[in-house]
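A short worksheet on the structure shown next.
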Amino acid sequence: MRFDGRTKNELRPIHIETNYLKHPEGSVLITVGDTKVICAASIEDRVPPFMRGQGKGWITAEYSMLPRATNQRTIRESSKGKITGRTMEIQRLIGRALRAIVDLDALGEKTIWIDCDVIQADGGTRTASITGAFVAMAIAVNKLHEDKKIAAFPIKNFLAATSVGKLEQHGIVLDLNYVEDSAALVDMNVIMTRSGEFVELQGTGEEATFSMVELQELLASAQEGLNELFEAQKAALGKIADKIPNMEGGK
Amino acid sequence: MRFDGRTKNELRPIHIETNYLKHPEGSVLITVGDTKVICAASIEDRVPPFMRGQGKGWITAEYSMLPRATNQRTIRESSKGKITGRTMEIQRLIGRALRAIVDLDALGEKTIWIDCDVIQADGGTRTASITGAFVAMAIAVNKLHEDKKIAAFPIKNFLAATSVGKLEQHGIVLDLNYVEDSAALVDMNVIMTRSGEFVELQGTGEEATFSMVELQELLASAQEGLNELFEAQKAALGKIADKIPNMEGGK
Amino acid sequence: MRFDGRTKNELRPIHIETNYLKHPEGSVLITVGDTKVICAASIEDRVPPFMRGQGKGWITAEYSMLPRATNQRTIRESSKGKITGRTMEIQRLIGRALRAIVDLDALGEKTIWIDCDVIQADGGTRTASITGAFVAMAIAVNKLHEDKKIAAFPIKNFLAATSVGKLEQHGIVLDLNYVEDSAALVDMNVIMTRSGEFVELQGTGEEATFSMVELQELLASAQEGLNELFEAQKAALGKIADKIPNMEGGK
Amino acid sequence: MRFDGRTKNELRPIHIETNYLKHPEGSVLITVGDTKVICAASIEDRVPPFMRGQGKGWITAEYSMLPRATNQRTIRESSKGKITGRTMEIQRLIGRALRAIVDLDALGEKTIWIDCDVIQADGGTRTASITGAFVAMAIAVNKLHEDKKIAAFPIKNFLAATSVGKLEQHGIVLDLNYVEDSAALVDMNVIMTRSGEFVELQGTGEEATFSMVELQELLASAQEGLNELFEAQKAALGKIADKIPNMEGGK
Amino acid sequence: MRFDGRTKNELRPIHIETNYLKHPEGSVLITVGDTKVICAASIEDRVPPFMRGQGKGWITAEYSMLPRATNQRTIRESSKGKITGRTMEIQRLIGRALRAIVDLDALGEKTIWIDCDVIQADGGTRTASITGAFVAMAIAVNKLHEDKKIAAFPIKNFLAATSVGKLEQHGIVLDLNYVEDSAALVDMNVIMTRSGEFVELQGTGEEATFSMVELQELLASAQEGLNELFEAQKAALGKIADKIPNMEGGK
Amino acid sequence: MRFDGRTKNELRPIHIETNYLKHPEGSVLITVGDTKVICAASIEDRVPPFMRGQGKGWITAEYSMLPRATNQRTIRESSKGKITGRTMEIQRLIGRALRAIVDLDALGEKTIWIDCDVIQADGGTRTASITGAFVAMAIAVNKLHEDKKIAAFPIKNFLAATSVGKLEQHGIVLDLNYVEDSAALVDMNVIMTRSGEFVELQGTGEEATFSMVELQELLASAQEGLNELFEAQKAALGKIADKIPNMEGGK
């Protein structure tokens, strides 16, 4: 039994509230245990300079935490005048992951801006951001589709993310909260499509290492959590979910 | 009748949800119409260098907007690497206003950090921030008081803020939303104590001016709104409100 | 009798030296007691991006202090790599105030850059800046008018600024110098047109508050000082002053 | 047969020149095909503030490219005034990986600074940096050990890194050069100890995904390359290599 | 005859107004033709970190131009958030030159801050800054000496600077104004002591070169101008000048 | 006899390795004693904004040091987020010097980017950079010429640089290494063409001065060193050297 009463392969409670904000084309408040992230998707009718003239779209993400999302107040990056390496890594990861399951040609020369703002943090903020951002993006893209601004629905697959890790005391566990994350020997983020393909796999030994056998175990645990997250996304999206291919056979 | 059906001296609906966040010593989600601000108050056990050794406390504020709090996505200040003049003005204003009604000697060498993060913006974000920050601060200060970390309750008075303005079409109106604010000839923020003293008065002609008679009318309208805001604060604070002096006679 | 021998409603000696610099279209050295500010007005034949294509002009201001304008040397903002909140507030205020009394349509797509550089500081640098900047701007605009680059003289009214405050010892006083300003309980800047309309009113309790009665008294004192400042501006401008409407009836 | 004549599981030629620079405690020039990186290890006799007083050491890395390391000249990060997200990710990765195989307690309150400067880039700069940095660090640490500044030799294992990827045309390949890297569907960096434990695993679908079967194949290919890299490191280190545990049984 | 009526070896009119500012320990307004610079010298009772504990003083300089010192308005360095290369070069030059003629040991652990702010620019701002800064510094140092804060008067020699150049039309000329400076083939700044020793010599071909013979001619012309500048400094300093060694025999 | 066994007018050993890098149009590794600099020349088919439409080319330089080029590790300028004054001075100097011997009209609207990256520093990095950059530039320009992208070979003269100085112990010496440079009373950089014309002359007294006689001696010593450097450049360039005018008669 874990610190907060969960079993080893048990996710924290998930809730996805859609259309949380008034202004963005798509938005959700995703809650994973005590971690809460507002994800907003905005459509811009042009692409960044390096993409122009190719007829393809682009997806980019920004990630931030409120100063008191954390237990100790953190200094705002706007006050420091620069973004930390951690923030950069996370926002690059979110953008890259979402681009893997969108047909950018079908999107046309548009940019989807994803904003993930962590309101409250208790571990797993980057994986919650990706899981929530997928839903916000699907809502925004659906608006484009309903307004006939794009011909084909460009999302090719569901995408969700979770963390797994290795703890001194419990071995391999799913969906680490902050206390577990701080103590983990190995920390792994798994981003997958609903058809079971990896989009991104990032495993890190924290002053430690992991074996091939442990890798297999970590991935199996992640797969269990991801299946549950896909169900939550599907429920949150309602009818929009039907536009996303039923991806038994993979990409 | 105004754009959104309100009369000239009518506030938008107010809601103050206390203890909105898990980590900060005090926090609220304040809703004024469609404007939503998360206000958090954090206590730090030291003061900035320029205050050290005086035995007095300090209150400082930071203000920010989520990129999609607004109708058009705004660029994050952390991405730009600097804070805009507007943000600086607002956060200086919030800090200064709160310091006016706190006995900093009674607080001792502590800093209260106020974070006002606008989740959704529809006009009046700075006044909503002040009104909400007061409540978050009172909750945080009460925690100090209950934990016997301060001897006397240092908040001397209630503090709230609202905006008034002059519109081409409706004349003097209370609590401008975004559409009204954009069109206003005169825009005034009034920050007052419950005993009817001014803490800050900022009236600005936007490529326009205002007369002494209009000033009187603006102030009278603001007073009506502020009375309602003090009631909302009192309700939100419950028993804590009783620790704040019953300020019939002013400072 | 005040610290420097003045009565409560007495301004410090004013001097406005026009065409102080060789290069700018308009310039003055304004002296208010020991406060000295060089104000320069420059005309640029285009407007900032957000104003383009509207056929309207724009006025923007920058404010700075020499490091040894002050008693203790202050660090240059260029060395720090960023502008302080105080500087931002002041330069936004100067620009906004001047825009209120200029017919931007009559100016056409031109920008007037106002530079206020404080050579020596002894309180009231922002109000001296506005009072001096008005004169520098009028000289520059007159050059445009004489060169037939604009058809109508676009300045609609005189504009001046002064400070008033509340001191523990003397009550309400006019035109605070540095020593008084540092000790003031209430500090108020009043920016007015010669026809008696407010352009900006900023009253701040410094860890203090002020009542409605005190507000009236502060405004009456400011009005006395402003009348004297308008006379000094008129004298400095000579014949140019005649182009500015005789504004008995206000805007 | 690949673009440059290599078979699928063939590394590019490796060369490690030790003591390449005169000043640093440890340094190498590592060459992997046309990729050349100068790695320097410097010892500082203190740790960063967040580590002080724990009696433990720290390892931190910086990574940079000369502007003409690349085919098109890249703008210097010092000219831009900020470090790109890619650079941040890489330098965090290098530091984290090295920390995993060093006994930081045995190091004591010292910081090892690793500088990886890419002189010429042709793909795989981050993995070459890690492989080279390990050798530079071992030389520097050996100097400490020989000078009796540390009692026990703190490096617990060899560490090397390589990349594997999936190409449209050739399937899974080892050690991608720039042309291959640009075209890869999947890109994976594998950082391992000589005893076969993972330190870091980063697999990314570039607008693509990869299956569990492909993951196995990628890891097998990486293992082949890493074995060869460990031999090159051992040869470069000469006698110093004998101080590093013969790690058949893993950590 | 030159553009402005001067002969080849003629300086522009010089004026040095001492004690121009109220607050600094030493200050002058130096006028060289239409070039006007406010030079202020401030004493700080400590030295920068790299100098501490040596018992020696330090002299450092900052240089800036008002935006409308120039014919076209220049952007403030504080707005750009960084100092240009030109500014850096000049302020390093001023500091270095002054340090060459001060006995830093006799000064003790004090820093002299020199601020040179160009109010109006017409060529030769850096040489006017040095010539003026010398006088401001001597006044400030004299204050220390009179207040018995230093035992010996630490200034060992007079120091002045001028420019010489080579023009297409006039050959070698002294003290170039802006129009001449812009057209010069060769531009040389000469900083000398009154005893005829060089402190700094900077000659630059502007897309041109100069011969050894021309170098001799440039230096002879500079010497003439410098003699006149030393007289102006001596006159401005009055009795303080007597404390500076009569340096017929050089250092 | 000097510290490292050289006579007073003896250069350190020079080596210039051409085409050191794979990607740039021209590159060298220049070695002057223990000072090693990679110089790369890149051609860009446009000029900076301030040069556009004049049909002329431009040459600009950037200079940097690896953190461990020096004895004590220096902080990267990219980490500090700004370039030091020293770096700015040096890169401005390199660009200016090269522009003096290139016919920018013959180059046409192209920019030559010079990158000088110091791999190892032991004094004289700026003069080694100029000497090496000249060779890298000539190789790059020759490529343009061979590819018929320019009609005439635009380099008008050889250009090299060296340092001379005055030491307490040895008097005037040539080509100072780091130990000598740190102790020098006078430090002078001389940049000359092969025909004996000065391009730049920068002599600095380091808390010291120098006489006219010493200047002559410094220049004579520099001339000796430069002659040797021109031979090294000529040898390194091989046939390309023949395209540069035989400049007995100067410019």
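We call the chains A, B, C, D, E and F, going by the order they appear; numbering starts again at 1 in every chain.
Just so it is clear, a residue touches a chain if its C-beta (ideal position, glycine included) is under 8 Å from a C-beta of that chain, and two chains touch if they have at least 3 such contacts.
Source: prediction; values computed, not measured.
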Both-way neighbours, i.e. chains that touch subunit F and touch subunit D: none
Centroid-based (C-alpha) most distant chain relative to subunit B: F
CA centroid of subunit A to CA centroid of subunit E, Å: 61
Euclidean distance of C-alpha centroids - subunit D vs subunit E, Å: 52
Numbers and ranges of subunit A residues touching at least 2 other chains: 81-82
Overall pattern in which the protein chains touch one another (line/ring/star/complete/other): ring
Chains listed in ring sequence, where subunit C comes first and subunit E follows it: C, E, F, D, A, B
Interfacial residue positions of subunit A with respect to subunit D in the complex: 82, 85-86, 88-89, 91-92, 96, 99-101, 104, 188, 193, 196-212, 215, 219, 250-251
Residues on subunit E engaged by subunit C in the complex (per definition of touch): 21-24, 27, 34, 38, 40, 42, 44, 62, 64, 66-71, 73, 76-83, 87, 113, 115, 117, 119-120, 122
